[in-house]
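Both complexes shown next keep subunit A, but they swap its partner, so subunit B is in the first and subunit C is in the second.
On to the complex of A and B.
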């Protein structure tokens, strides 16, 4: 990997789970996610909604497998995208890495 | 190629800061230094509401208590209180929402001759497949010369999220998820648990299904009333 390639902090074996302090409703195929403690509203696109739905504590690798099965995307690209997206979910407080204490 | 997963809409830079919680029948609201605590002792259909409260020695305290009660009652009826300036139009109410500074009151001033329904807060509740609205006290009148609409229940005709524009005036209906998001960001309620938040989202989704909710790009000086009438007619045809 060169220094110009995108990197992620999370990797395939990492387990990410939805934060209990969120509320969600899928409307027209898009998840509206409220992070209760931050009082913020987020809207996920279709693929992001699927990743969110699958974030039940399974490894990110398993989520990538599902995304590759359900969408037209190369596995390497999907792995990078899913890990980066999972990091965003964790950063905004919508999800947490399993084993780490919630905020 | 499928697009990567993204958060389509980042959190807004500004939003409502109303703090309100209601747990076990107790209601506490604090805002701008005022702190109010009240206990709701009875609420049954037809029996009305009895509330007792310990008020801060502050002239604004009753105002905040009533605001909190209105929020709770609206939720009990399956609705919400919107941070909205609104006008009466053809027997219904058009509500303009958005954070402070978005242009809600400016939009009201662009509705030539329309009577002002609410300045700052509008209770909205469902009645079957329609939604009703009622203005609540609060806010500063945007223009003393605007006529007032009598404060009573009227059908909610549309909700428009206002954005000021330098490139013309137009109305555009967003995807339902974004419409619900606009409403949630303009709803006077915070401090809910996950279950109550999901109930509120469900109520707002119902509103979006039955009332046109759109994005309004407003250029100063535009003639808004005829534009909205045309858009509402097209919406009514589409929904039929």
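On to the complex of A and C.
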């Protein structure tokens, strides 16, 4: 990765898990997530839904492996996207980094 | 090779009835659709219900003077049976789950059922009178991340609230419950029907509720008791109170709908919400006492999609209402099948309360009281439509020929229903009121709804139906 490429704060070994303070259903192949504390609804697209489903505390590297297995994408690109997306999930309160206390 | 691309902006969408920002819209624009409507729309497109109302208790520790319920006659499902119901609702795709009663907190397993629902990832709401919600229960509901607790509070004055509930001291306990819940970071909505008793003071009520850090809702409609006793409606507000409320700028009203498609359903009965009585009987909605199956009579998915009565009701549109379909006040009408059945014995017919409400709503929205002409020349104090427009703000009351009765059992003789498992012989047969059979058997759309169970999503399938990866990973709001 060069210095001009986007960086993420989360990395492959980081373990991200769905926040228990959410409600969720997959409707029409897309996850609808309600963050109870923020009382907000987020609709994930198809790939986001898959990442969400896999966010059970396994390392992000393992999620990347699964995404690469299921989609036509280069691993480096998938790693960047998954880490960025996991950051967004944590930022909106839909997920948390394993080992960190929930809000 | 397609790239997953970069993450999209995060759409922050209030889960309540607040506006939802649209990701794709130019920055200054915000969708007027609430997030709940977004979810409802997605669920409807996928052909699944999005909410469920579980009336888990057939008892109450208040005796409110206006209550529509008749308690102590239905019985209640056991803990394990409610667990089964919730598992099947989750599999069905239901997201919002409401615990109600009677008084739900009277069940010894109430907190267990809430926790069970949360483990299934439902967004949980609770309807309660607040009497049992002490600090410990409030803290537990906070720990369980309950989305909202709605408590009935009938006045900002203790004397009036207690007079309505007929439980001395209930006002103080409701206020304490609201404070305990707020301290536990639980969203609280205090609600009341507007009655002749409390309507003149609704302004003070709103100020009081707001001072507690709670939301509020006021409902101008009172319902007859489910046994047909119309007594609660004697407490209904008059035209002046209704208009005052509707014109209050604090209460946002939806824009006037000038058109209402004849192919649209008149209400959401049997559509987005699964309503379960304390004994497990399924009904079209809270108000309509016609069974549409039983949660223990086989798989809930099969019952929801396959019950013949539910399919008939789900298929009803304005076009199936012989009087209402030609009424020019239809855009202002909020008729109710259950009300109509109780009032005139025909769920599909016009009835006085709905017609009166449509006239009031017209006046509230357009600012002009409509004039009514009757062909007989007689002035009816409670005119029943259909109303045909004869000039600006002027309508003629039209008479409608009475319906012919349907043949007995006609309801079940419609087009083929999807095959489902046979009823559980251990369960008592479900009674179907003959009257209601005739109500829904005559109609043009007797073929039932277009809703079908969606295909189950299998792990390992590609994330998109066409096998293509979408260009973005992220969150969007439709």
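A few comments on the model shown:
FYI, the second predicted complex is superposed on the first by the 100 of 103 C-alpha atoms of A that agree within 3 Å, B and C clash if a C-alpha of one lies under 4 Å from a C-alpha of the other, contacts with A are read in each partner's own complex, and residues count from 1 in each chain.
Simple rule for what comes next: a contact is a pair of C-beta atoms (placed from the backbone, for glycine too) under 8 Å apart; a residue touches a chain by one contact, two chains touch by 3 or more.
Keep in mind that what you see is a predicted model, and the values were worked out from it rather than measured.
When the two complexes are overlaid on subunit A, subunit B and subunit C occupy overlapping space and clash.
With both structures placed on the common chain, the touch criterion links A:88 to subunit B and to subunit C.
Shared-chain residue A:76: touches no atom of subunit B or subunit C.
Legend: residue contacts after superposition of the two complexes on their common chain; A:51 is shown touching both subunit B and subunit C. Once chain A of one complex is fitted onto chain A of the other, the partner contacts of A:25 extend to both subunit B and subunit C. Superposing on chain A, the segment of subunit C with clashing C-alpha atoms against subunit B, chosen from 75-83, 201-209, 399-407 or 453-461, turns out to be 201-209.
The intersection of subunit A residues touching subunit B with those touching subunit C, taken from the two complexes, comprises 20-25, 27-30, 32, 34, 36, 38-45, 47-48, 50-51, 67, 71-73, 77, 81-82, 84-85, 88, 92. For subunit C in complex with subunit A, the touching residues are 1-8, 10-16, 20, 35-36, 38-39, 42-43, 45-46, 48, 50, 90, 93-96, 121-124, 145-147, 185, 187, 454, 457, 460, 462-465, 469-470, 472-478.
Listed in rising order, the residues of subunit B touching subunit A in the complex are 1-11, 15, 175-178, 180-181, 184-185, 190, 192-198, 201-202, 205, 208.
The touching residues of subunit A, when paired with subunit C in their complex, are 6, 20-30, 32, 34, 36-51, 67, 70-74, 77-78, 81-82, 84-85, 87-88, 91-92. Note for the complex: subunit A touches subunit B at residues 20-25, 27-32, 34, 36, 38-45, 47-48, 50-51, 67, 71-73, 77, 81-82, 84-85, 88, 92.
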